[in-house]
Amino acid sequence: MTWLESLPLAVFVMIPLVIILIYALFAIWMERKVAGFIQDRLGPMRVGGWHGWAQSFADLLKLIQKEDIIPAEASKFLFRFAPFLMFAASYAAFAVIPFSSAYMGSNIDIGVFYLLAITSLLTISVIMAGWASNNKWSLLGAMRTAAQMVSYEVPTIMAVLSVIIVAGSLNLMTVTEMQSGNDTLGFLPNWLIFQNPFLLVAFVIFFISILAESHRVPFDLPESESELVAGFQTEYSGMRWAMFMLAEYADMLLLSLLGAVLFFGGWNSPFGGFMDGPIWGFFWFMFKGMILVFVMMWIRWTLPRYRVDQLMYLCWSILIPLSFINFVLIALWEMLF
Amino acid sequence: MVHSFKQGWQTLKSIFTGMGITIRHFFGPSVTLQYPDERDVLPKLARSKLFVNIDDCIGCNLCARACPVNCIDIETVKAGADVDLGKTSNGSQKRLWISRFVIDMAKCMYCDLCTYPCPTDCIYMVQEYEYSDFNRDNLVYKFSNLTPEKIAEVKETARIEAEEAEKKKAEEAAAKAARASKASDSRPSSVPGAARGIPGSAKGIPGKAKGIPGASKGVPGKAQGIPGAAKSIPGKAKGIPGAAKGVPGKAKSIPGTAKGVPGAAKSVPTAAKGVPGKAKGVPGAAKGVPGKAKSVPTAAKNVPGKAKSIPGTAKGVPGKAKSVPTSAKSVPGKAKSVPGTAKSVPGKAKGVPGKAKGVPGGGAAKVPGKSTAKQVPGKKPPKENKDNNTD
Amino acid sequence: MELTTLLFYFFSLLTIGSAIFMVFSKNIVHAAFALMFTLLGVAALYVLLFADFIAATQILVYVGGILILILFGVMLTTKGFTDNLKTLTTNLRPVSVVMTLVAAGMIYVLLTTTWPVAEIAEPEGTITGLGTLLLKEYILPFQVTGVLLLVAIIGALLMATKVKHQQ
């Protein structure tokens, strides 16, 4: 393969990036709108005319213009590198997400396994950012994040594994394909969540865990403003900070899309053959993902933040035992039926 | 175990309850306004920007006095007698030009206290709240509708009129004094004996003079002069004019000390009563002599100086400085001890009461013993006194 | 030059370079982050060898697990996080003698072995074969390893709780 030949490949690889960027701009706007509506406000209304749709662009412009400040006592290279590592980790995970029946970055067998492995880089990048900032808030935030992400990785993986037992494949494309059709109980789509009652429990565990993994409320301890200023992002500004935000939103989308693949049939249309096909597939897939993202936002503006010990208690004393029990029950169900 | 499940169930329930509430609000209407596009209707009594309907303002200054932060500044000028400023919408006659009416909205704290006292309801809050500015000076609102030229003009007119009024008064007073002095003129010649004795008392007066702060400057001069006068008092008796000379001099010095006490003017002429010729000069001095009190003692000094017995009274004068009538009263007292002089003094005494009337304020004399109540119209309650000032 | 070759050299350089940096770095946290680059580089090399499962495991276990453990250990066991943690070199002479011998032995092995070279071919479904092998032919060692790890975890927990009781 020469340089020129690899050009289409580069374009191919860039597709999720475009999706992420558009999504991030949209999600930031949406987050504000949701916050506004839930609080009986309207949210941004001015920039761009209709319901302030260009607000995110304006913010992006502002961030680009900002000075790139690096603390004098920071570890310069690590400080600069951390945001990019974080985004790289989020982005790399999109390689195994089947966006539609026609597009998937890398159709490899170890799909989910790879996804879980590569997202562990997020933890490292957070620690890197926190330590390199040479700031107490940052380091405390980073330690919390690391502890939180490492802990919640366990229930996430257990919930994912429960799905994998039912699906019988790590390849997310295969997992999606086997969910097509509308036969469950005669009318429901063949989504995994309807296949097995225990998968409903698995989904609850999964959803709680991804909230924690992507630092969303009520598990936003890493950047809890009221205690840690902004956690590991305290010293960051301008585009580097924007990079973190992008990575966080990408992470949120990634985990929501993963949830959509594992429990809600990925790119399968909810109406069987109706509105099917690669383009519709992409639409449905993003639609399902966005619904999960919306629920995350909805929760954000409803619930208060957990305390650190409650967070750990919830994970180690409730979710992990529950997910193990659930795992065994799903395995039994699969053996019996 | 059961407990944990219960707890877990409760947690889930409360989470879903909370989410139910938020989603209802999500779909509910928003309660906010898109401010620059839409505005709320302000309540009727909302406090915001002040406005003055200057056409209705009578310049009574009540609003400025009510303001706790002194952000209203009003200056008025009396309108000439021949000028009709018209009436306000509720029928009050306007008598003052409002040469300045300034409200500093940067200082205003929107207490609304200024609007209630206004007799014509011409200062009030308008429903406007968007007047923030980058420059503090732009928050100073001017309401007077007179041009600077007009203001200068009305001020000049007012000054001339006031002057004329003063002149008139002085003339009147002088005329009165002249009448009074005519009566006394004939007696002085018979007082030589008394005159001799006076120098001694005269010397004593300078000392007192010092005690009279306001008047003091002028007094020494007189003091010195008085001995001379004293000697010649017999002459004076005839020629009171001599004493009178000294008085105008004092009158000049007085203006400096006493601003704002219009009443003083009236008292000065007193000294000049005997001296019709000088009377003219006095009014001028009088104009500026708001502090009557101060000027009056002057007159008093002269009087005591003339009578031997007066020194005693004179001491009391510095303290009383304000009470012109005192001198008048004391004069009769002298009369007794200085028989010779006495005759002529009564004549003055008559003249003095006239003064006394003019100097209402002075009347509050503390010289109870001497000042007979009759002559002290000035005992009027202080309140009214004030009113006179604002006149 | 082919993209794959280019990538190979890039990741090799990354691996070796960051390994050298890690060894010579005086700051333990820097060394730990250098180790991350080494481990990632190795994982990338695995990918180039079509060993995707091993690569993912490498990242999951080493980067996501062990490296974070190291960082936590470094950060939580010293008095202050932000102190610059320095490394020391001790026993320089005996170590250099031993290491010279080991290096000589390894180079000898490298030179005397005949390395069989296979054609590059993308294997079909690495994990299927792996799973079958682990759960059929090597089920006993697999299970024993699992038990060993379990024992280790329980032991660690026991030690941790004991310390607590003594306090």
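Each chain gets a letter, A, B and C, in the order it is written, and its residues are counted from 1.
The rule we apply is simple: a residue touches a chain if its C-beta (ideal position, glycine included) is under 8 Å from a C-beta of that chain, and two chains touch if they have at least 3 such contacts.
The shown structure was predicted, so the numbers you read here are calculated from the model rather than taken from an experiment.
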Margin query: Chain contact topology under the given definition, line, ring, star, complete or other?
Written below: line
Notebook entry, point to check: Just by CA atoms, which chain is the most central one?
Noted result: A
Margin query: Looking only at C-beta pair counts, which chain-chain interface has the most contacts?
Written below: A-C
Next item on the list: Can you check how far apart subunit A and subunit C are, centre to centre, with Cα atoms defining each centre and the answer in Å?
Entry: 28
Check: How many angstrom between the C-alpha centroids of subunit B and subunit A?
Finding: 82
Checklist line | Chain centre separation in whole Å, for subunit C relative to subunit B (CA means) | finding: 99
Next item on the list: Mark out which residues of subunit B touch at least two other chains, giving numbers and ranges.
Entry: none
Item checked: List of subunit A residues in touch with subunit B within their complex -> 34, 36-42, 45, 298-299, 301-303, 318
Checklist line | subunit C - residues contacting subunit A, complex | finding: 2-4, 29-30, 33, 36, 40, 52-53, 56-57, 59-60, 63-65, 67-68, 71-72, 75-76, 81-82, 125-128
Note to self: For the complex, give me every residue of subunit A touching subunit C.
What the structure shows: 1-3, 6, 75, 78, 108-110, 113-114, 116-118, 120-121, 123-124, 127-128, 131, 134, 136, 139, 143, 146, 150, 153, 170
Notebook entry, point to check: Which positions of subunit B touch subunit A when the two form their complex?
Noted result: 4, 8, 15, 18-19, 21-23, 25-32, 34
